[in-house]
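Read from first to last, the chains carry the letters A, B, C and D; within each, the first residue is number 1.
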Amino acid sequence: MHPAHVPPGFAYLLHRRHEATGADRRTGASGVLVTSDHAGTHLDALCHQAEDLTLHGARRVDPRLQTSAGFADLGIDTVPPLLARGVLIDIAPCDPGRAVPLAELQAKAQAQGVEPRAGDVVLVRTGNGALWNRPAEYLRGAGMAGEVSQWLADLRVRAVGADNVAWDWIEGTDPATGTTLPGHVILLVRSGIHILEHLYLEELTRDNVREFAFICLPLKITGATGSPVRPIAVVTEGGEGTGSVRPAVGGSSPHTD
Amino acid sequence: MHPAHVPPGFAYLLHRRHEATGADRRTGASGVLVTSDHAGTHLDALCHQAEDLTLHGARRVDPRLQTSAGFADLGIDTVPPLLARGVLIDIAPCDPGRAVPLAELQAKAQAQGVEPRAGDVVLVRTGNGALWNRPAEYLRGAGMAGEVSQWLADLRVRAVGADNVAWDWIEGTDPATGTTLPGHVILLVRSGIHILEHLYLEELTRDNVREFAFICLPLKITGATGSPVRPIAVVTEGGEGTGSVRPAVGGSSPHTD
Amino acid sequence: MHPAHVPPGFAYLLHRRHEATGADRRTGASGVLVTSDHAGTHLDALCHQAEDLTLHGARRVDPRLQTSAGFADLGIDTVPPLLARGVLIDIAPCDPGRAVPLAELQAKAQAQGVEPRAGDVVLVRTGNGALWNRPAEYLRGAGMAGEVSQWLADLRVRAVGADNVAWDWIEGTDPATGTTLPGHVILLVRSGIHILEHLYLEELTRDNVREFAFICLPLKITGATGSPVRPIAVVTEGGEGTGSVRPAVGGSSPHTD
Amino acid sequence: MHPAHVPPGFAYLLHRRHEATGADRRTGASGVLVTSDHAGTHLDALCHQAEDLTLHGARRVDPRLQTSAGFADLGIDTVPPLLARGVLIDIAPCDPGRAVPLAELQAKAQAQGVEPRAGDVVLVRTGNGALWNRPAEYLRGAGMAGEVSQWLADLRVRAVGADNVAWDWIEGTDPATGTTLPGHVILLVRSGIHILEHLYLEELTRDNVREFAFICLPLKITGATGSPVRPIAVVTEGGEGTGSVRPAVGGSSPHTD
């Protein structure tokens, strides 16, 4: 998890338990979840980022928009279910700490026969997802240079995502935007394009899947800046008309960091 | 929300804000979510319920299975994405506090041309969802008699759900199971069939939708007894082959109670 | 609890339990506390209030002072233990919703032989504490007019407190300060005098105690705007020199609202 | 913090902020505290520990006593304010990981002119408190052998405490009790004597204070297994009759781990 979200981090604690009380042969157990809205696999709402204190659509940050209970507009509850064509560009292996340049991403996409189009959800695998259980290494994973985000914004994709902490290269300032995390500015603020973080893309790659039906259903948490999600890739096997689908889970757990 | 889940109830609090610090033109905001795993629209995991201290599949509750951090088996993280045929049986209007008998549900289903089958997700609309913002009234909504759950269990459906607090009639003991909340025993414990609660089914009904592709993606919260979800009904409009889909949101917000 | 502090409100949930695991004859249980820093009996830190975005001592609110993790100065962790002479002025019975005027408070104090002095902790009993378990009534309790706070500020007392939700009269704007909750401005911001809220003063009154050693030990929560506390009044019985003390608990529980 | 209490650990997050809304020149800020009841400096309630599933006073653990919201008896809310003679035994420097034997503690006490008596609060300084900000080292600090706890229990002291994670030596099983953390069994369960953990005793030692008035006011959190506290040592300077007191803070912050 990005250090900015610790605390609160993530905790699940079971307080109601199954136990023999004599009152009823049936018993119920339940727990409390305390979590950052950016823990584990999650989708960023547009209100998550601002440029010069302005959100997407020239909405100026003020106390009516930004409240102690979340945002009055552009919260995750305003995001419709994501059902879109998904494509996966595989750039693994990828050295830690690198800013992945556009030329590299485009070359890989071409070699893999992947052509992102308007409305797509574009996922990039750096291979970093395999390091999930080694947090110090995981956090050093490679990220996208600002020009990658600009290319995808120009293509008018619907959402992007990667198997790392922030999609973006996180170690410096981007010359074009003059900010850190340039994709957060280019995609969320300037273009209204959502970002998925902490994806787990190892299974899709193992199965050599490049194109799929992507489904992601963010929780309707009023005013929240993001939501834990469990996105999936639905893959049609065999030829046209067979209709069989194989759900391929594309999201790692929200609890494991 | 069912009183058993208050506290913790539900809270979303924004602690990181957009504000001018001079450090970066880009700023990020984020919040903390504190919630019962049974707040708002949610899916029950099989570990949520026990009969005679035994979970589904004859798993005996003991400290290795039931821990302070959740369940070592049958947690919500073990539930695959739900992609299934969904059907909606509309029994509204429905007086509060009633136990809906099987004959009534079957008559309505037949009149509406709905025939639940093995593998289906079967949703029942009582009309109670329209009362969501009046919690005292909402909690008094009608629920299913035990025989309804037994019928659906015998049909081997995949999941059931309703626009009320517990699917079940909540006011007494069922003669057949000898427990309260008989559907929780029949479905979750005895049959391994999941339950969706606090659905919002007004839009599907308004659009006269009876059959749809149902999608629900529970969060992979390790060991949790349930997950907030945002299920959807995907409806194919027009004839075969057009392929157009219309996402119809079938889940109310996890935050609004 | 004041509605501004719900959510988060107050929750205590036990997740680690005593149970037979076979590993050790000794077992430990523990829980999680989720609470507003202004739930139940609590002490306000000076950073809790601002006038024209300025804290006590002319500290201007900016992002270095006010952070997502609390305040860099004037947090509750900067408050030394409170050990002071305490005096109790009893104005009960007191109609709900009233702004208690200075003349009334002074008349009662004189009749009761109570003379607040510099450095004192001055407690006022409205009788409202007896309504604690009836929240709707409790919240309508009487509060101090701004002139009461100004008098005590001029006396340079160390802290004030009452058996109500906010010390202050909460229903309108004070003409002198031009703000709501005038005591919060006069005492915390302008004078550096702390406020105790939700005191339970019934026992002190029953025992006819007017003067005592007051002790309050706020938790050192870095940067917090307040702390739950359990203040006590230590009363010397019998004559000078006997040295016996009788702890008289002057604080209601942080959990009961 | 002891790993058993992470998560939930400790978090303080500010969600209500001072900001210009135009509504009122006065503004209020407040936050949420999410914490283990054993984070930072805290007092153990008697319900915190059980021996053979039995609490102090032969109270058998059952679902009426141990609930999802805490304990129906022996919770921290049942502990009166602690006002007692306090004594400090200084055994620093003390190698990490050691079980401090009784002979060593008694020799140091004698050399320092400290004689614990019935009703006292007995504090032991290992010097470990100075390592607070280096958690890995801090957690390896020395602890008391079971015979130390038995000696103090036989003396009928009121409470004990140390500048370490658990008072006890934490690395093995005690031969006398046949359990881990023997002091937790001997003191809390068998003797009804409270334990203070994570004390900060460096200042008392620097000032060469051996005897003092000890004050600790645990929060009245219904049913909780412990409470964060800020204990103090009140030291009378000069001779008898001068009455001057110097609060010497004996507790580290609940937030710093």
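The rule we apply is simple: contacts are C-beta pairs under 8 Å (C-beta built on N, C-alpha and C of every residue); 3 or more make two chains touch, one makes a residue touch a chain.
Predicted model only: the values in this text are computed from it and were never measured.
Engineer: Superimpose the Cα trace of chain A on the Cα trace of chain D, which carries the same sequence, then give the rotation angle to the nearest 5°.
Structural biologist: The rotation relating chain A to chain D comes to 180 degrees.
Engineer: Counting C-beta pairs in contact, which comes out ahead: B-C or C-D?
Structural biologist: C-D
Engineer: Would you mind pulling out the distance in Å between where the CA atoms of chain B average out and where those of chain C do?
Structural biologist: Taking the average C-alpha coordinate of chain B and of chain C, the gap between them is 43 Å.
Engineer: Quick check: how many Å separate the C-alpha centres of chain C and chain D?
Structural biologist: Going by mean C-alpha positions, chain C sits 25 Å from chain D.
Engineer: Can you tell me which residues of chain C touch two or more of the remaining chains?
Structural biologist: Residues 7-8, 11-17, 19-20, 31-32, 34, 68-69 of chain C touch two or more partner chains.
Engineer: Could you classify the connectivity of these chains, where an edge means two chains touch, as line, ring, star, complete or other?
Structural biologist: Contact map by chain: complete.
Engineer: Which residues of chain B touch chain C in the complex?
Structural biologist: 7-13, 15-17, 19-21, 34, 63-64, 68-69
Engineer: Once bound in the complex, which stretches of chain A touch chain C?
Structural biologist: 7, 11, 13-15, 17, 31-32, 34, 69
Engineer: Please give the residue numbers of chain D that touch chain C in the complex, ascending.
Structural biologist: Residue positions touching the partner: 4-5, 8, 12-14, 16-20, 24-38, 47-53, 55, 61, 66-71, 77, 80-81, 83, 177-181, 184-185, 189, 215-226, 228-232, 234, 245, 247, 249, 251-256.
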